[in-house]
Amino acid sequence: MPERRGYGRIYLLLTVLLAASVLASAALGAFRFTPAEMFRYLLQAIGISEPAATDALARNVFLHLRLPRVIVAGLTGAVLGVSGTLMQGVFRNPIVEPGLAGTSAGAAFGAALVFVLGERTTLAFTQPLGTLAVPLFAFIGSFLATMLVYRASASFGKVNVFTLLLAGIAVNAVCTAGTGFLSYIARDPQARNITFWNLGTFTTANWRGTIVIAVVFAISFAALSRHGKSLNALMLGEDEAASLGIDPSALILRLIIINTAMVAVDTAMVGVIAFIGLVVPHILRMLWSSDYTFLIPASALAGAFLMEVIDVIARFVISPAELPIGIITAVIGAPVFLWILLRQQRAGSVVVDG
Amino acid sequence: MVELRGVHYRAGAAHIVRGVSLAFRARKFNVILGPNGAGKSTLLKLATGLLEASEGAVIYDDEPVKAIGVGPLARRRAVLSQHVELAFPLPVEDVVMMGRYPHFARVPSQHDRDIIAQALEVVEMTAFRVRSYSTLSGGEQQKVQLARVLAQIWMDDQQTGEKYLFLDEPTSNLDIYYELHLLEAARALLARGCTVIAILHDINQALRYGDAFFVLEKGRLAQETDDESAISAELLERVFRVRARRATDARSGETFWRFDPG
Amino acid sequence: MNSRPSRATRTATAVASLALVFAFARPLQAQGAQPERVVCVSKQINEFMFAIGAQGVLVGRDLTSIYPPAIVKLTSIGYHRALNAEGIISLRPTLFLTDGNYGPAEVTAQLEKVGVPILTIKPGQSIDSAAALLVTLGKRFHREHAADSIASAMKTKMAAALKDTVKWANGPKPRVLIMHFGQIANNYLGLRRGSIGDQMLRWAGGVNALDSIGGMQRLTPEAIAKAAPDIIIATDVGFDRFGSGEKFAAMPGVDLTPAAKTHRIYRIEEDDVMYYGPRTVDALHRIEAILHPAAAGRK
């Protein structure tokens, strides 16, 4: 199927778009870099040529601020794109987001705990963890929230998709309330930290965090790309998939765990970014195919591309200040999503759980 | 051959299948009959291996179904249920290709592609190959699903081993045209080495197309016979709680049943 | 010195960024180290820099620094709690100046990594510490003479004003609630006992209608009604949302207060009650006039 369809050409197109957007994102912003300069700094970074003293500032900005940021933005787009595809496959519902199963809200709550309580005696043990405390607690919060949702919705060894959705909404509400409460009792500076982080930002990108996200995503993606067929079969329904030789409950659990790890680690660093997971798979389906063997790699590429473009916008519009990413994704994503919804309704295609 | 030996199934406090032992006839059209709530669907699911029996064993060609891996099992038997709705648009050929999933790891071979082409021909849906599944009518969609299950247990000259097709009320929502087509297509498989095990809601269709009959009543096997005339009016009246009498088609001499409220 | 393009060009480039990377990108200028380039994200320190005439070294400010009006011409690098290091560094600063109140925390490490020095001067909670801040700035930016004279003038005037406030000691002390508007959570905050605004209240012969101690307290309608202030002083943004004292007085909770019933709701600039500086004496006089309308009326 893949070769006959010309998926290869589509991957090539997406890769070219991604490369162009990465180049633009690396070059543009409060600092401008020419391709020649970027190349030179990279060579200097790996020790091939000697750095000159005169452009120390620009080089440091490029290597330590710009580059990790560009990479984190792309990775985040890929993580969210794949996660959205994954969840829509598991739930067999197009209106599903990484945030809907409690993943993002749990991560935000975990991080908020560190922001607000980290300095008081109750959580003083986070001090030795230093800057690792936030990602770690975000991951724990995200994982607990997702497992709670899963437990609430699995019975007799089978996962009921509707209950999963409802439990996700409930856990989301609890986590959001918890985060809200924490920011309520927080002293002013801490409360503001949460607010801005919650809106999504790539500002704090550094190499260590970026590498962690890259590794987790690479492992997750490798594990996920084996399941394209299974997700296709799941579209027929759990019983039908079972008769095709797939264990739906085991598959769903495995996919949820991978999804959680990927999204939590990313959310811990960049905050909550909505709509990418919703919009990217939709557009890919509309333009090309709903085949999951195609969607999984394509949504990684397309998500990364979209996020790079959004990051450029975020850094450009009110330069040298920047807009929170979450605001841009909402402004772009919500209308696009509504438009998709209206088109689907008019076309009369059924949006129902099988 | 598929056999059930002393099979029980309990779900919580409900005892849905009570000690059923039977042997489905090989290469025949087996029909399970019974009213709503008799446990027919559960029995079928137990026979397909999708549900595990609380007690007793389900045997496939002298092998307990529990011992057969899900992959090999998927290559030996296929299940067609009631209407399948897809949440996302897919072309017909992709849906049929899913029937070949148990047969290839990552990428389908030319052999797989040939099979789905033939399966589409059998159900007379070749012209719909690249149409989106969601744009089809209910009957057309069910024919596509039939093509999928056919592709799953496709019997060609080289292969050996028995194949089983399970039908769980596949024609409930279809008009008479599609209903007859589907049942004819299923019967045609018998000659090619397939065993059909079906639940049909229409008693007369069941008796007409079936070769072996298994009547279920409150989770127990009330009757097992290869002769449809052995099914008495008393049995039908007791099991289905209606009045039943045999009638004769004046032209062909075939008998069929007339039902009236009990 | 700043070769950054206009807003229109930036927007156009954003739209066609892919192709324009090659057309519009320019090589960076070599960094000239001699003249000071200071980015300051504290509005109090920014005001002081202008006061002592050191504003020539400033090349960037934060969003909330809007006094004196001339400062608005400086590039804003965003809200001081939502900064991004690249934006700061793009102004090629030789110094990042702050009172310690900025975020996110990662910006510190990022600036250090790139070699931008950070100078943190805490302004403290008294007139003397504010004067010390002026002097420190004067020393640092070679405006000692101006700084010293402004600092001592401030202290002298303040001392005189404070001596004058003795007259309120034995008179009636109205209960006053200072309501500030928190734009992050869109709610009203009351200045508690121990805050700078509270101190100015006490000097001006008033008493804080809030019993609690600390910085700021979230106000609910019940809390406001319970505080029952005779006078409400609202800072600019929170007051201007309603436009007039009457409309402000109609707020739930506020409408039950003696202040609302006797139409004693006043507006004040936020900076007047948030930090001490050369303008504090005038602010104090304004507050005195609000609290004691009969007795006030002197310059």
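For reference, chains read A, B and C in written order, and residue numbers begin at 1 within each chain.
Keep this in mind: contacts are C-beta pairs under 8 Å (C-beta built on N, C-alpha and C of every residue); 3 or more make two chains touch, one makes a residue touch a chain.
Not measured: the values here are computed from a predicted model.
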item: Most extensive contact between chains (C-beta pair count); value: A-C
item: Reference chain C; chain at largest CA-centroid distance; value: B
item: Mean-CA-position distance for chain B and chain A (Å); value: 44
item: Length of the line joining the C-alpha centres of chain B and chain C, rounded to whole Å; value: 78
item: Length of the line joining the C-alpha centres of chain A and chain C, rounded to whole Å; value: 37
item: Contacting residues of chain A [partner chain C, same complex]; value: 20-21, 23-24, 27-37, 54-58, 60-61, 64-66, 69, 131, 183-184, 187-189, 191-193, 195-197, 201, 203-204, 206, 312-313, 315-322, 324
item: Chain A contact footprint on chain B (complex, rising order); value: 11, 45, 48, 50, 70-71, 73-75, 77-79, 81, 84-90, 94-95, 97-99, 101-102, 106-108, 134, 152
item: Touch list for chain C against partner chain A, complex; value: 10-11, 13-14, 17-18, 21-22, 24-28, 30-31, 60, 63, 75-79, 81-92, 101, 103-107, 109-110, 113-115, 182, 184-185, 215-216, 218
item: Complex contacts: residues of chain A adjacent to chain B; value: 1-3, 88, 92-94, 156, 229, 232-233, 235-237, 239-240, 242-247, 285, 289-291, 349-354
